[in-house]
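Shared chain: chain A. Partners: chain B in the first complex, chain C in the second.
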Partner chain A sequence: MSQFCIQTSALTKQFGNKLALNNFSINLSQGGIHAIVGSNGAGKSTLFRLLLGMETPTSGSSVILGEDPQKMSPQTRGLVGYVNEEHTLPPWMKAGQVVQMQKHFYPDWQQHRYEEVVGYFDVDPQQKVSGLSRGERAGLNLAIAMAQNPKILILDEPTLGLDVVSKQSFLEALMFADESQQVTVIYCSHQMEEIERVADELIVMEQGKLTHHSTPEAFVDRISSWLVDINGHKLDADLIPGFLVSKKIDDQHQITVIDHQGDLAAMIGAHEVQQVPVNLEQAINSFLSKNHRRPAARS
Partner chain B sequence: MLELFRCEFRRYALWSILVCVSAICLLFFLSKLKPLFEASTEQSALTSVIMFLGSFLFGFLQMFLHKRKNHWTFLIHRPLSPGRIYLSLMSAGAVCLVIALFVPWLTVTFIHDLFTGHVIDNRHYLYAFFALFTAFFAYLVGNLTAISSYKGSFTALIMLYLILDANPKTPFLQMLPIIILCAMFVYLNLVSFRVDLKKPLDNALPIVLITSVTSFAMIFLLLLSTTIFYHIPRFIAGNHPDNNPVAGSYHALWQFEQGEQAEYVLQNSDYGLKEQLVDQLELAEMEYLRIRPWNFMQPGQVYTRDVQYALEHNQTNSIWQFSHDSMLLEGREKLSSEPLGFLGKNGFVTKAEDIGEADRFTSVPFLVRDRFLVTSDAIYELNYEERSFLIKHQPGAGEYYVSGPQITDLFVYVVTNKQTYIFNRSVLLDEFQVAEAEYVIPHPASVYEIDFAKAYRMVDGYVMWYQGRFLNGYDQSGVHMTYARLDGQIEQIASREFTQYPHPPWIRHFDVMISPLLYLAQVQVYHFLEPEVKTSLYLPTSQVWRQMEKHGTSYVAIALNLISLFVAFILLRRQHNSLQVNISWYLMIGIIGLPALACLVLMTPWTWSSPLTFFRARHA
Partner chain C sequence: MPKTHPISIQIVTGDARPIFRQIVDGIRMDIACGNLPVGSKLPSVRGLALQLVINPNTVAKAYSELTSQGLVESRQGLGLFVAQPRQLLNQTEQDKQLNDAIETFINDIAYLDFEQDQVLHKVSQAINRITKKQADGG
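Right, the complex of A and B next:
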């Protein structure tokens, strides 16, 4: 098998006139947590649906665990876990019954792992799924997905709508599993603090395209933020290569740029320039907001 | 697979049990009001509609709930092939139907069989199976409608109408079509249930099957479309032929009074006393007669097709109910249900061991006035008090009754495949003896071609008026008049064919035009199966085609088929189908014509974003 567990090549998906995924090519190596971020409509869920074979690509190809998702065998399907933001489980069944049912489909079911993960949450096996809180449902869903002993675990905004405690439990369970299991996790979330905490690799998607793929640290290194004083003059962003976003704070401007090179002060005629530290959340927010502000100029 | 079945069954089990218990209570309540198996047409139709609609909605809802985005992922994304997942869900649905429909019917039938004096035959149990299969078919159509990208799948429900309307000769033939349809739709659902539901069908067999079935519905829809583009506009314009009868046409008859109608038909007749006859007919008493054959009851047919339940005789407080298993009437005392013996072809039999094969009826008799039994070859009369039995009348050689006696105030009409017998009412109804007909009047055409007849009672006999839209052949309507005199003389006094038509030929021949090959193939099949029967539905192809050629509609039909193929070509070249799929479509449209094209349109993915992209290519 290839060193990559997921490979896509010029993967494109069009819905009517909307291009949901545009020539998306990526190779994901095995192991670790790969975080996918992007604004709403960036094509993350479409990518997952294509990888799971739920949609047929308009063009391009993809390979997951060495198989074309369109022709994925049931055995390979069993090696890909999937947890969505709704934590869909049959609401008419008791938690214990759901587990018993899922167990039968997965010959390599890891009961101890299920118990370890579900231990982070207070799930009563006699409780009906419809009666579980969102956090409990998320925990149960994660525990089931991990007990299946998947090679790839796709988590599509799994902590959406969870309270702080549930979110904390979820992340701890996920990180614990990552340590004990050789699983490749594809983690999609809008919660940057989560990404910062768990991600080994960062994938940024915008308007159906892959715009960045590296470690989170490498991404943060590309982004720099500066406080500049331009004496009340109007800031001309076109003069700054890699300009992402600017924010006015009192009499100063905070300018965020990508892949900064050269003397910023000279470029904009500022008499005072001070670099400020940037965390992953700020870096991603700045990176993603560029297209929202000036789509024509930057495309 | 079993686990998934259990999971799905748990979802609907409670509901199924609730429906089951409610149905059993309801059926027992109804059985207190009147015999449960004495189903009126309305009651049977209502039960069927509720059953089919319920099953269809259940099937649709079941799959629709799974089809929701994340629910679908949870369902389909597991190490099990989609086919096996579908079979699990379908089996759970089928078990629910068994609980909700089959168990109540079977329970109630069984209890009636054990604890009441009602005649319960195998056919009553058969109905439980028949109902289950028809409901299962509706359920499968519901499944397909939810999961298939074919937006017209639900129209396959029309097959239920065709199945219920058919009059199969044996229980086996009763069950066979619905079992075949169920098998067909299980297959269609299996191939449609795939990980990517939007993916169109990609092999020939499902396309051929679904098109064959839904084309029937498309034919109905296309026929209905004439209302939109022809009838309503003409009504709005005020020149619709229904309001403006065309002189010389068959339809114009309806605007005339009794005497005028006769005058209209007698116009070209060389009958000598036309004027006097018109005057006489204007004043004569007239009765409408049904000539078209009934569907006689078939041995072992499902009980909902029964038109009668039992003979009841109040003086002896007895009920005689026909058993399809024994082919005898079985009598019981009304209140105590005490057995009273049997009634066979040769009369009453008290003990079961005395029954011989010769006593059993060979066909199911029609019961008239609680005293007469009518089979296709004899009318029997009963005398309950004396427990005697009489063959009241038998038709001649090669003849058979096409319907039961039609009883009026003074006369009784009995129609066979060859002639009409007119009896004095008191002779037939009041005297327990063999009846002789006063008049025997031969039909001028096949009974299948006569829509109805009218009997005018004259001073010296009868004038029989036969009329039919296809009396003289396909699209050749006519009226025929026969004078039957008391002395036995029969005179043909007029025969008129109507050459003027209220509607243009492309409306009259619309059903043939939209699918010539299907129509003519169907005609050929009927003609091959029953060559002796000549009716509008069973006419030889040559006759249909000749009449169409005469009016030029045969060319329109051919052009329509070619246009359908051309449109299919335009549509299919924008789809990236396999050669196998395209060939299947061309074949189906070539054979079926416009209805198959309608199926293709409904099976084609489209978008409403712009008229130009209505039929968009599947792949950009």
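Right, the complex of A and C next:
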């Protein structure tokens, strides 16, 4: 098998006129937490559905654990776990019954792992699913997914709508219950503080395309932001290579660029430029809102 | 088995410094001011990751940077320990670090109402304290 556990090649999915996924090619190495960020509608969920074999691509191909997801053997399918934000479970069943039922679908069920993960949450096995909190249902889902002994775990906004305590339990269980760290986790979230804490790799998607893939630090290093004073002249963004976004702050402009090189002051005729630090959230926001000239803040 | 020396650093998300850099800086500071004396044992990768609720790989990355800077050393099967100070940076790198640090410092104090010799006196006192603590700890 190749060193990559997921490979896609020019993967494309069209729904009517809309290209939900557009020539998406990526190689994911085994292990670690790969965070996917992108605006709503960037194609993340379509990608997951294709990887899970729930949709057929319009063109292109993908290989998961050496197999085509559309023709995957049940054994390999069992190695790919999936948890989404809805945390749907049969509401009429008791938590313990759900687990009893799930166990039988997976020959390699790891009871100790189930117990370890569920231990991060306070789930009463006698409680009906309908009576569990959102955080408890999320925990139960994660525990079931991890107990299947997956090689790949796809998490689609799993912490959406969780309170701070459940969210922390979820992240802890995700990072620490898998001691061997052999599971490849694909983690989609809009919450930057989570991504900072958990992500080994950062994948950015825009309009169905892959637009960046590296460590989060390497991504932030590409983005730089500057406060410039151009004496009331109009800012001409076309003069700045790698321009992402500008914001007018009082009588100055804050300009954010990618892969900056050269003398910014000379480019735009500014008499003063000052670099300002950028964090992950600002870097991602600027990157995703490329070419937007933000209106001046109202005072 | 030597006991682990607790680390009291805090990390923040949303900072321009990535988390692994905050850990490196925090531990360096703790070593520099004697909170972590030479020979003390650092928490395990997993232990510090649990404490800070971050990916263990991030802690591993910070530890590996501290190791390559010569601030900590790994002892086979025992863990990571604060190393005997020795200089790994060449003169140019040292000059650069000193200049960067001075610039930050000057920025912080420029608007305060101290005379130059008051500032210099306090700086030299602080350096003496650290040197003494390092001598005691080592």
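To be clear about the criterion, the second predicted complex is superposed on the first by the 286 of 299 C-alpha atoms of A that agree within 3 Å, B and C clash if a C-alpha of one lies under 4 Å from a C-alpha of the other, contacts with A are read in each partner's own complex, and residues count from 1 in each chain.
Note that a contact is a pair of C-beta atoms (placed from the backbone, for glycine too) under 8 Å apart; a residue touches a chain by one contact, two chains touch by 3 or more.
Predicted, not measured: the structure shown is a model, and the values here were computed from it.
In this overlay on chain A, chain B fits alongside chain C without clashing.
With both structures placed on the common chain, the touch criterion links A:82 to chain B but leaves chain C unconnected. Shared-chain residue A:279: touches chain C; no touch with chain B.
Within the superposed three-chain arrangement, the count of touched residues of chain A is higher for B, of the candidates chain B and chain C.
Of the two partner chains, chain C is the only one touched by A:220; chain B is not.
When the two structures are aligned on the shared chain, A:90 is found in touch with chain B, with no touch to chain C. Seen from the C-alpha centre of chain A, the directions to the centres of chain B and chain C diverge by 160°, a value given as a multiple of 10 for the model superposed on chain A. Judged by the touch definition given at the top, the superposed model places A:168 against chain C, while chain B stays out of reach. Applying the stated contact rule after C-alpha superposition, one finds that A:192 touches chain C and leaves chain B untouched. Fitting both structures onto chain A leaves chain B and chain C with a minimum C-alpha separation of 28 Å. Listing the residues of chain A that touch chain C in their complex gives 32-33, 168, 171-172, 175-176, 179, 181, 192-193, 196-200, 216-217, 220, 277-281. Chain A contributes residues 12, 14, 16-17, 49, 52-56, 58-59, 70, 72, 74-75, 77-78, 80, 82, 84-86, 88-90, 92-93, 97-98, 100-102, 104-106 to its touches with chain B in the complex.
Those residues of chain C lying in contact with chain A across their complex are 13-16, 18-21, 46, 49-50, 53-57. The touching residues of chain B, counted against chain A in their complex, run 2-4, 6-7, 10-11, 70-74, 76-81, 195-196, 198-199, 607, 609, 613, 616, 619-620.
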